[in-house]
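Structures incoming, each one as structure tokens.
Shared between the two complexes below is subunit A, which pairs with subunit B and subunit C, respectively.
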Partner chain A sequence: MKRFRGLTRRGVLKGAAAGAAATLAAPAFLRETMAQATGPIKIGIPCALTGTFAAVGQVTKRGAEFFAKERNAKGGILGRPIELLIEDTQGNPANCVRKAQEMVERHNCRLITGVTVSSEALALVPKLEEWNTIFMSSINGDGRLTAASFVPNFFRANTSGPMGARAISLFLRESKMQKFFALGMDYAWGHNSVQVFETELKNASKEFIGKVFSPSGTKDFSTYITKIRQSGADGVYLVLAADDNNAFLSQAHQYRLAERMTMLAEQLELVSVKAVGEAAIGLTASSRYPFTLENPANAAFVAAFQKEHGEVPDQFDGEAYHGLAVLAQGIEKAKSIEAEPLRKAMEGMVHDGIKGKVTMRACDHQGEQRGYVVQVAKTDKLPHPTLNILKTYGADQITPPCNKMTYDN
Partner chain B sequence: MRGWIILLAVVVVLAAAPLGLPLFMMTLLTEALILGLMAMSLDLMVGYTRLVSFGHAAAYGLGAYSAGYILLHSDTPVLFAVFIAAAMTGIVAIAAAWVFTLATGVSFAMLTLAFAQLLYAIAFQWQQVTGGSDGLAGIPRRGGPFGFDLLTSKIGYYYLVLLCLFGAYLFCRTLVNSPFGAVLRGIRENENKTRALGYNTRAYKIGVVAIAYALGGLAGALYAPFAGFTNTELLFWLFSGQALIMVIVGGAGTLIGPILGAALFLLAQHQLSSVTETWAIYFGLMFIAVVLFLPEGIWGTLMQRLGRKTQRV
Partner chain C sequence: MDTLAFILTQCVNAFSQAALLFFLGCGLTLIFGIMRIVNFAHGTIYMAGAYLGYTSVRWLGGFVAALMVAPIVVGVLGVLFELFILRRLYGRDGNAFLMVTFGLALVLGDAVQVVWGAPPLQVPPPAALAGIAFFLDEPFPVYRLFLIGFGTVMAIGMWQFLERTRLGLLIRATSQNPDMVHALGTDVRVVRSGVFGIGCGLAALGGVLAAPLVTASLGMSLAAVVDAFVIVIIGGMGSFLGSLIGALIVAFVQVFGNYYLPEAALAFMYLVMLTVLVVRPGGLLGKEE
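So, the complex of A and B:
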């Protein structure tokens, strides 16, 4: 009997030793050691493919994949094909950091873009220096990313939240409306945009009568809508995205909020317009990328996109595409994907693409670009309402001063 | 004796891991050990005292926010910051446990949930201290005197986490095998009987909750400088639920099981979500399968089988 026991113990030890050997040997064998100087250019996209922000993440993925396919057909960047690493973060910063870390440490990827939520981006930026990685924002709106939280390896090709708020408030300066209320999503971007809007109204001598924040993932907006109705405002400023925006717009339609006051949105996705249909008509919004932009590059993009997907590109299709196009131009200019030369190449670089001329200014890496105010309108040409551009503002009016997220009027 | 040999072997393998594992696997392993520490601390309550908590995220989040705040607003080295944060969590937990133990059973669980949600709401609202919905970002892993600078490196930090987990395991093991642990098991089996024997069961319960929260707080405190940020998700009820899943899947009342459960949870979540977008469904199915076919959890069932085999021999 003792013998058996002895054997068992030895067996256990052998098992442990074998396990240890396997743990030590296998990964070394599997390890990727090749530096990324040749082969495909890996671009990491840790985005929210599931969860509250899934609508945004899915569209980002579609736009990015479209860019990669189109570009690869033309020979890629620097003659190297683009390989996208797309991973689901559920819009959770902890997951986002983990996924991005995996892209950097495991797949030797040094370029990140397409991060969905601003709080994810805020969690990522302190890591960029250690990772020696460039992060090109194509969605993240929080003004702090190019102000208080700015790091040298961060670039923002997209229109930021403050820029969206600025466009709407410049538009309001010309209107007769006097009193405004604001509803924002209760996280980084929502707070930031509402704050900028509030300051802008004061500068324009308009009245800001109150604000309310709804947690991400709110399904029932009835209490918020009641509050907004009771406020007696002429207009309500909305900082909502994805599912929350859909829920709000359809409930606001039921409550006939639009008959009481003008609804103004900080940004607008077509996916929301499609989801709520008629309920969206008349909605005025600042748009980061309306597919109706008139320039040759955009016309070609929209046509090619429609051919591929059978529908027009949404706001974040355009932004994801635009972000990658800026990044690709930077890489070609730097002839490298290493952080330092790439950073230098992109500072001050002018990109002329689907959003017109965009200058990646050197001081805080914000892309200087025009701002658009659009209105949702009926059309016969599309199965859903379209976005009519009401007003275009110049980059000098829209882009905040360096390292700031407020405007000097 | 055999248990000690296995334990030693596991620790040796874990200590040697940095020699062979690629960098990212070390990152994942560090996070798994941190989650393991949190799940193990919950096991003290769930597995040994049958105090089911739906709010263990409170411990983790409180530890994380405390450590994050200390590291951001003072020059305290990371080593001290994590232990201060753990102690703070334990102290807060004494007060909270005093309230929790006014109730038993489901009401107890609801109170733990309420406490965690309260902290969640505070973290959301108290912008100046907690950073609101953005949380605290850029938390440094500050070294310090006596060669603590080693802790600023990834591998150095991994060893700190490993030591904390190993130390906490030895502590918990000693605790559950001590007379204190016997009383806890007594409360688990029949609280009235234990009270009739002359034990102040409420004091014991407050004690075990404080210890469990302090260790959970230690795990959270280790997480903050590891990830470099904290946010309100760490305090959300979803995370408390996940902690319970880790304990149940691994095997409640085994200490080792929950550590295993946490590691499996993290790996499954991480790997599945890269393979398919519908990963949550597979994840749910796996959980149901474990509950149906391995009611004692993975480690619990394994130990039962091994135990039976030895007896037969």
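So, the complex of A and C:
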């Protein structure tokens, strides 16, 4: 028998057979996991790159890509590069579930973040256990995600809708305004936030005189503006995003609504401020991430971001970046991207980043963090209006009790 | 707010909205009437108009310039699209046109995103129209009044063009019997190219006019194409007057519906459409085919 580099033919065959048997015996997911323990860390971002929420999704993508680029330049996470899988969902829950499922099943991606719309997030969470996947929310506001609809594989690094509503309502407690009207987008987030605002006003012994919801994608807000004017409120609370928000602000400015009452918003994106310009001046809003936050990590982030993109980061650039930073810290702490160790590592973890100290509390996986009330103001330093931070509230004041989306006092 | 002021306010809201919808519906119905093409790209063309309006305001420094430049540029592009693409498909069944205009919507939508980027862009109304008029202590934005005036002038202009000019006569004749028009010595292909261009130009004009109200954004195409189809279905495919009536009905239903029954306002619009379809399947002024 011919010798073949010190191995007998029989020996080679035996080894090959054993190897094949082991590979066949190992369940498919284990094989995938073995491959995944060394390659790039895949993070799925099924977000709305087109449609009504395109502006939000595009900013999310930009913030996430900025994080990945910066982090990969420093050696990635656990020495492995980050690979983002970004897919367009058009803001549609069914699309979102389909795209996420593709990421999980076809690309063996077990980490999801950057989902745009709350209704998409609510559609995803029931699948997380089956997919053995961690979903780190960085955008989704709906209070139910950390309350009635909470699942263990869900984490929320961002400020939620109720937390935004809470910050603005704490701000209103100190103001002279008495009567309020609310306008929200007619889907999960809008209804949820208006409801929280209504409860908050009652607690503050202020008067809530009415509400109206506009279908997502509304172009003409004239009737809503007529209704708001008729209400005789001192302030109108707005839960609007993306195109709808821009359309409302442009038209409200043409009707001089701000001369009649104060306009308050649950959240504010710079992209809206840029799109409507002067029509946004004076708008008072709760901001989840104002680029004007003063801390060393944020100063470095804003400077690097400006260098890369020639403009300051928007709210969801910051939130997408922050969500990924929390996730990366969790992975380093767990030394794994498997759902179970990662979940344990992130529960109670303190992250100190661009939004200051954020604690991912164990009970409902909400990131405890500060709330900010900002006002849109003119500035000479930027080509668009800036966000002045009027008031900062502590994490203990704006984070709701565990598994709740309303506040006790 | 007293009753008179309320009715006036709501009418201004509705008529200004109708003016915008009219440009959308009118373009769509003209194209259908002459070419029997359901133009799925209509909303995207409307959006492209808004973006071109933004650039015209920036470069040429005026809203009036935008009102002229955007429709002309888009109109010329429309003519080229008809010449080089649609013309190859005549004689095929309707599905070919559905596919190709749907494809145009996708390509044009992405092209707009590549050229102008994803963030929405501000197109402020011109300074002369940015003011506000008070009547009965109620505010009326001058821009909305301008929309009503401009819409009325354009509607009368279009009507006179179709009814009184030789070109209008040719367009109407072509929509009724293209073979006969051809036999009488008119090149029907030229009429088709021209009408497709005019239809696209009208949509672009609507886009420029809408931009100060909603900003120029990628999301504006979807709502626009739905509205345009509802108008044309209510008014009757191919009927100019029908598109005017359809625009008025949709605007009034939206404005008053939003006020009294905001939860059902969207459903109302479709309910009206459904009723029309049941009672007059061809639309109010359309012909059943």
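In the analysis below, the second predicted complex is superposed on the first by the 374 of 409 C-alpha atoms of A that agree within 3 Å, B and C clash if a C-alpha of one lies under 4 Å from a C-alpha of the other, contacts with A are read in each partner's own complex, and residues count from 1 in each chain.
Criterion: a residue touches a chain if its C-beta (ideal position, glycine included) is under 8 Å from a C-beta of that chain, and two chains touch if they have at least 3 such contacts.
Quick caveat, the model's predicted, so the values are computed rather than measured.
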item	value
Which of subunit B and subunit C A:D88 touches, first, second, both or neither	first
First (subunit B), second (subunit C), both or neither touched by A:Q251	second
Touching partner for A:Y224 - first (subunit B), second (subunit C), both, neither	second
First, second, both or neither for A:D243, with subunit B first and subunit C second	second
Subunit B versus subunit C as contact partner of A:V276, first or second or both or neither	second
Contacts of A:T50 with subunit B and subunit C, given as first, second, both or neither	both
Subunit B versus subunit C as contact partner of A:S214, first or second or both or neither	second
Subunit B and subunit C footprints on subunit A, overlapping residues	49-50, 186
Interface residues, subunit B side, partner subunit A - complex	2, 5-6, 9-10, 12-13, 16-17, 19-25, 27-28, 31, 124, 132-135, 137-138, 227-229, 231, 233-234, 270, 273-274, 277, 279-280, 310, 313
Contacting residues of subunit C [partner subunit A, same complex]	1, 6, 9-10, 12-13, 16-17, 109, 113, 118-122, 124-125, 130, 132, 139, 141, 143-144, 210, 212-215, 217-220, 222-223, 254-256, 258-259, 262-263, 265-266
Touch list for subunit A against partner subunit C, complex	49-55, 58-59, 186, 212-215, 217, 219-220, 222-224, 226-227, 229-230, 242-243, 246-247, 250-251, 254-256, 271-272, 274-278
Contact set on subunit A toward subunit B in their complex	1, 4-5, 8-9, 12-13, 16-17, 19-20, 23-25, 27-28, 30-32, 49-50, 87-88, 90, 92-95, 97-99, 101-102, 104-106, 118-119, 122-123, 125-127, 142, 149, 186-188, 191
